[in-house]
Each structure stands twice: as structure tokens, then as C-alpha cells.
């Protein structure tokens, strides 16, 4: 049976819903050593800013039960060097490239968006207002609906490319920031970034991460992220891209059923660089097994559990 | 070497820092079938309200990576029946009993606190303003600092017993609700309750929990809870009780180093009812191994990681 | 009831079924009770799995289970090797009545799927007490019939029903029950798929005392988490009861939803 | 570089050390490179573990590692049995220089702890190319000295140092280096504990080209997560470099922090 795995994220057509998450696939070139990027729906570049950044001092990473905490601090080579050195090598890749970017002020966000506007191989911009690991910028912008709308609108002004806003889950009510981004002119929402978290080495009695707090990712956060996607997708009319702990095809389907139009694979890449291909294959088989001719029909299709009072899991 | 494991939570003296979390040990009597409750620092009863409640329809529980989602909906026998049937049986237990309670309005919270005030075997009240699984009351009160202070003050008025306020982690900035509870007159903070979460059965394309969303608990949330405890304990002068994914002695020490004066064990009880005793024993051995004569000296004692630029985990 | 590390001494597999024997300090149980079982398998699945007692030795040092592989937890139980440690919490829950009906009349035991093990345990206990037993087991095909050797060992010759007629009556096990009801049994006890329990309850309603053993999604298995509740109606009053504590065995008349 | 499921064919344990042989499609590597190894062990630890290549067969079908049990991941690697699947991603990172010094003068290889395996691999490669090798290994006691048999097999007789003098020089391995430096070696290569690397870099500074192999907390091992960075200074400019990609082998002069 032929399955149509193609999905649309706003005006953008993806050949399938499986993408690579920002910061987990570098500038994509490293992934090419493992597989052909054009097999995937798309990929998001490591967060870029004007002039680049050295990020945070190590240690930057530690493991937690079913997850990991990172505090890279958005180290990046800078938009200029990216456009000069990396972009040319990526032009031949036949897949949707999304440039993740950030700034430390509304002006810097807009300036960054403008700089990226020029590059033809960039299909969309993903505005990161949700990084927990930089003092200014990042999450500071992502938690206040007014600021979310303002910074979104500022970037909307300067770019004709599809603008995705990457939300932080670290808010009381994600529907408020989701709506603010929509009102600001976002074409899609990326849901979600990492959860602020902390780990302490009891033998050394020291924080495991240099910045004390970092961002939690991986399977542990999946049920939190699924809910965030569900709430955000119900609150807005623009599409939502699901992110958070996706490591199997079933995880990808779960996010789509919750309301995601596409998904991004992050942490799972670390222990298995081929995870995205395995997920893609599993998604295809699931659709065949369930007689789903068009995967788009699964978006937000989760139903309520209908059981008698008897309490059986099935 | 003799180790003093005794800790004070405000005016309340616990023989050791290990407690049982509310909703995970019923009305404590079930636990007595496994071990002598008086070995522990204390235990928190299932959340009580006036008149009791039947809770939510099943399914009420599902597993997630390293955690579980529950939506019990605060089913309880009611304060009246508890005081009549259960309390008398618990009076002989030589351990700190904490009565967890809730209402659906400020008035109901105060009325519940007043009802519990009379019972001598109740050492402290734990006000649950953080349950994600009831429509009114619960989390609704826990996310708005103004409401937190108001409902805390209302209960403070009617009870002379130590008043613990159980916070929800589902806020943008937990230091605001923590301070609000302190300003309202709380004697201690219980940090934290479950994280709103969701899971979908992809084969049935149905939500796994009857109420769609439920509360995430277990090891998966530990790094989030450690951070919440760290932030809250830095923000207030009253003691903080650490809760969230504690299943080993090292987890307990981690929370204490983060700033917890005592800890509560919840989900870990389900797969191992004896976990609290094993944790207590491990904590004692840790103190001996590290020459810690008084466990209180570990509270909030986590240091910064001092490493050269070299990036080694140790 | 205790919770302690036991260890596996035997794991006999047959298709999707494995008969596990655990050794340790065993508290005497009654048929219908269960254990929460969990191997040392790290984080997932996080919870133990409720498994009915199939039998235990006279020396209170061994307890046996029959586990069907349906998902992650049961597959991990299947993968246990002799010597492996297993946290076993139990015996848990209530049990089937062992008396209370006219001793002259027989009792009918209905079993299907993973409901067979507790009924075999019940049959062995009842036969010891000399009660008359009619044991009916249903399955899809004769390959799916369970524990026939154990039944033979305790001298119980089961009435069998298979969907495809490959062995015994061709059709549902509840059709066998319908016949048995003509002889006015003293009581009917059943454990198996929901549909079977529902049909059983329907047939017995108002005629014969009927007790069924339920399943539920369980967090703790010993009564503290309230995740396993089911609605029970007594004297017109409906309230949640814990399948792990007040159950898993319930008077069918008290389960109107069934 | 590839990432594929290989399977374990041999696991030889000696105290806290296990020599693991994996079979599968092996991409030819150079000494100093490593793999990210992860068994099928569910959720924790979540990440693979970086392990240096000890050697590989001529047929490109087997690769060997020496793993010290220090924590959860390495203990799980120790518990692997023949036939078990292991996700192996590699070969990763850069490698030690195999030429570039005066062929007349020997090179000194310094090894300690889990730094020994890559140096043994390097020694075997260099001896094939006919280079003169001085191999110095240090350890606490003679029981802690590693892979002496492998060194003998490739015809390298190591200079040994033990803290307790139970075998070889009583003292630090870097004291052996100090002596060797008098004979002006062509280059010095080292892998081992940080203190050893620091002392080595200090001794060689301005005298002999010195390359050291670093460790770091690694997320991916192949350059995408930026968790493993270390500060590298070249022409007065200091910048973060990835230990997993630009490293693990660095020119000691470029690591002023060392």
C-alpha cells in the first residue's frame, strides 16, 4: 500500500515528518558521514547568532534517569562564518534546512533574521527564544507573552522566509506564549526546547554542570513535551512541530497524534546517529499496518479512552 | 562513627530526613504491613478534603520512560471518616504524621485545615495547592502567587499546627510562589508535586489516561525537582522538603545537598515498598563514609564544580 | 504480605507462556491472590507486574506463576534465568471463597487465557477439600489450552472448548457453563477475558452465586496508589474499590458494569 | 565512520579490566581513535561510552577494546556476553602522528591507566613501520600494569614504573621520561591520567614535540553536541575545540591549561 508521508508546515512542504533537532546535528555536515540527509524531511542547524559565541565552560553535559542535562550555552561559529564556510557545502542537500538563531535583544534577533534572509538554501528560520543556558536572550524572551509577540513581530518584519518560533516549556501556561507567537506573525511553533534542570554529584558534593542548571532532554521529558504539543496545537491555527524525547517511531506517531505536523529528533541522535532513519521506516510501516494512506490524517487524531468503569489498560 | 540523622523542619523534629510522600502510602496503615513506620522521619497521608471524593474515572495510571503518569483525582475517604476510622489506629505510630489536604475554594481549604486542627496525632498539615488532576482547587491555586499567599494565610489563621505548602513545579518561576507561601505564613514548603504530562497509545490512537493529562512522577522528574528545591530553598528562609523521583539513598542526598531539610519518597514505593528503609540505611552509610557527624550540615551544601578548561567529568 | 528479593529457580517456556518458579520465604496464600513481580531491569518498565499465584510448595519456599508475554514487562519476566533476582511483593489481594455453598453440589470453575493459572490453583485447593469441581477452560485452538498436565495431576478432568473445535466443544466456554447451570451448581468462579466474565455474570445473575477475578492497571498492588479502582455497587450504593485490595475477586452481582 | 550494531565475540576479564572483541564491518582506524559503545541496556545510561581502539584484525571484521569498570556504563560493558549486540559508532576522532619526526631518533610512548590501550595500538603500528619505540608504562603496583603480553607479542619491551616498586622503576612514569629526554627522542606521545599528561607536557615543553590524548565528557562522540570541548590555544588565539573531533589527540603546546 502506498503511504503519503509528505506533510506541510505552513507553506513549507516536507517529504516526510522526520527532522533533526537544533544543536543535536551540528551544522548537518557531520550527519552526512552517517546517511544521506536528503532522506529526511528536514534538519535544524545549531543555534546561530551574529559574531558567534564560545558558549559555556565545561562540564557541559551529564546524564539523568532517562535523560541528559546540557549547558552548551549556544556555542556557534556565527552567522557570518556559517554563510561563508558551511552554507555552500549544504546547498546540494535536497532537504529542508531550518536555520535556528538567537540574539540578546529584540534588535539582535531581528538583525540575525535579516542576515540569514539572504541565503537561498535556508528554507525557514527557527527563532530560539527558549534556551535555558544563556544569561540574556534565550529563555528570558520565551516566558513573557508580550516579549514573545514583540520579538516575533520584529523578525517577521525583516524576513520573507517561514518563521518558526521555538517555545520553552518552562511556563505556567504554554498556550499564552503559543498564541503570542502566532499573533506576532509566526508561521509555525517548535514545541519544545529543554526543561531547566539540575544534577549534583553526591560523592564530590558538586553541581555536575558548570552553570549549575542546564536543560533536560531525552525520553524522560517526552510525556511533558507531548502535553505541550497537544495544548499548543489546540491553542493556535498555525502548525506545531513536535520535539522532546523522540527516539522511536512510536514516539514520533505519539507526537503527531497529539497535534504535531512534523517532529524533530534530538538527543536520540547521540546514542544512535541512525535513529532518524529507523524512526522514518517505523512510521511508514505503522501507516501501512493501520491502513493510513496519508500521514497528515493522523495529526491531532488522538481520541478519548472509551472504557467501562472496569479499569483495564485495553 | 555516630551520625546524627535528626533534622528539624521548622519547629518540627524528625528522627531522620526520610518521609513517605502523599498519595503514595495511602493512609499509612497499608505500609505497616511491610515495616514499622516509626523507623521513618515521617509520612504524608493521601490528600484529604471535607466529605471525601470518588476521584477520576479509570484508567488513572500509565508508565512513561523512567516515570509514570497518574490521574487519581484525589480520591479520598474524607476528613470526617479519616478522623473517625483511621486516625485512632495511627495514634500509636511513633513518627511524624503530616495530613495532606485540599479544597475547591479558599474557604474550603480553611475549613479543611480547621477540621484537621483538632486531631492530636497530626503533627503538621501539608496544603496541596498543586494537584494537576482536579478541575477546581489543586493546581489552580498553586500557579498564582497572589492566590498562594491568600489561601496560605487563610489556613494559617485557623491552625496552630505547622503548615507546609506543597508547590507545583508547573510555573514559570517557582521562587514567586515559594515566597508567596512564605509571606502567607507557611512553616515549610513541600517541593514538588507532579508535572502535568500526557501519553498516547499509538496502537489504539487514544489517550492513555482518562483525563488526557495527568501528573508525571518518578526518576524522570528528579533533575527538574532538584532544581526546584534548589531555587525555592534559596528564595525563602523557611525549610524546604524535597520530593521528586527519589528512589535511592544517593537521590536523597542529592536533594539535601540542593537545599532540602527532609525528603519524601513517593513513586519508588510502588515497585519497592521497602525503598524508604534502604534509602535511610544508605544515607547513614554515606554520612559515615564521608565523616558527616550531623546530616543537617549537608543541607544546601552543594559546591560549584572546579575544573580547569579541560572538561573531564572528574 | 512481604516484599523481598526472591530468585528464579526454573523458567519453562511454551510458546508465549512461561512457567516461573521463584524461591525465597513464601507466605501461605489462597487461590486468586497475586504477587507484584519485578526483575532488576533498571528504569523501564518502572513498575512491577501483577501475576496470579499458580501454586506453591508445602515447605513455603517456592511459588509458581504462569506468565504470558504481551508487552515489555512480561517479556522481561520471560527472559529471567535461574539465579536471577526478582522482587516479589505478595501474596496480595483477596481470594476466591473456599466454602459457603451447599457441599453436596459442585462448583463450576471457568477459565480462559491468563485467567487459567489462578483457577488451576483454586481447583487444586478445592479438590484437596473434597469439593465437587467442574472445570471449564476455553481457548482459541487446542494449542492455546493451558496447564492440562497440572489439572490431570490434581485429578481434575476439564471440560474444554475451542473456537475452532480442535479440541473439546466447538464454541465458547460460556456455552459449557450454560449446560452446567442446568445441574444447579453451588457456585460459579471465573477468571479470564472481560467478554467471558461478562457472559458468565449474565448467565449466573439471580441463579447462582458467581465470583469473578478482575484485572486492572496497577501501580502498587498493595492498596496505596488508588490507580486500580473499579466501581462496585452494594445495596444500591456505588463506590470505587481497589482491585488489588478489596479485589481482584468480586461478587459478579456487585459489578453491574460487567 | 559508521554506526552499526556489532556483536561481542569475546570478553576476557582481569580484575577491573575487560578486553572486549566486537565483530562486524570494521572501518580501518589509526591509533588514538575511539568508538562510542553502547549495549542494548534500555534507558540508562542513555549515552554510549567513548572507548579507545586497542587493535583490529587485518580482515576488517574485528575490533578490540580494553574497558575499565568505573561506573554504570563500563560495568554494563563488562557484563556483555558473546553474541550480545553492541551499537558501535566509529572510528571517531583524530589520531597520533605516525610520522613527521627524524626517523633516526626514537619516539617515546607514555601510558597509564585506561590510557594504555591506545598507546599499545600505537606501538604496534609504529613497530610495523620500523620506527624506534621507547614504551613507558606506569601504574600503582605491578598488578595494575596492563597489556604486557600484547607488548611482548609486538616485540616491544616496556620500561615500567610502579608507585610501590613492585616491578620496574619505583616512582612515576614521568621520571622515566625525564631520563629518555636526554637521548633527544623525535617525539613524545602520551595518554593517561591528567596529572601524568601535565607532567609530560611540562617536561617536553620547548624541547620535544609532544602529543597527548585527552578525555572529556562526551554526548555524541562525533562532533554535533559540543559537550566535549576543551580550550586550545594557537598563535595566541584561544578557542574551544571538540575533543571528539579535533581531538582526542592534541599538541601539548596548544593546551596551556594542562
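Just so it is clear, A, B, C and D label the chains in written order, and each chain counts residues from 1 on its own.
We adopt the following convention: contacts are C-beta pairs under 8 Å (C-beta built on N, C-alpha and C of every residue); 3 or more make two chains touch, one makes a residue touch a chain.
No experiment lies behind these values; they were computed from the predicted model shown.
Visitor: Among all the other chains, which ones are in touch with both subunit A and subunit D?
Guide: Chains touching both subunit A and subunit D: B, C.
Visitor: Using mean CA coordinates as chain centres, what's the gap between subunit C and subunit D in Å?
Guide: Once rounded, the distance between the two centres reads 57 Å.
Visitor: Just the number, please: Cα centre separation of subunit B and subunit C in whole Å.
Guide: So the centroids are 36 Å from each other.
Visitor: So what's the Cα centroid distance for subunit A and subunit B, whole Å?
Guide: 32
Visitor: With centres defined as the mean C-alpha position, give me the subunit B-subunit D separation in Å.
Guide: 47
Visitor: Return the residues of subunit D touching two or more other chains; collapse runs of consecutive numbers into ranges.
Guide: 43-44, 216-217, 228-230
Visitor: Mind pulling the subunit B residues that touch 2 or more other chains?
Guide: Residues 58-60, 62, 65-67, 219, 309-313.
Visitor: Quick one: do these chains touch in a line, a ring, a star, all-to-all (complete), or other?
Guide: complete
Visitor: So in the complex, the part of subunit B that touches subunit A is made up of which residues?
Guide: Subunit B reaches subunit A through residues 57-60, 62, 64-67, 69, 143, 170-173, 195-200, 202, 204-210, 212-213, 216, 219-224, 226-227, 230, 245, 250, 253-254, 257-258, 286, 298, 301-307, 309-314.
Visitor: How about subunit D: which of its residues touch subunit C in the complex?
Guide: 41-44
Visitor: Would you mind writing out the residues of subunit B in touch with subunit C in their complex?
Guide: Answer in residue numbers: 23-26, 30-31, 33-34, 46, 54-55, 58-63, 65-68, 70, 72, 75, 218-219, 267, 269-274.
Visitor: If we count contacts the way the header does, which residues on subunit B are in touch with subunit D in the complex?
Guide: Per the stated touch rule, the residues are 65-66, 308-313.
Visitor: Under the definition above, what is the set of subunit D residues touching subunit A in their complex?
Guide: 1-4, 36, 38, 43-48, 87, 89, 216-230, 239-240, 245
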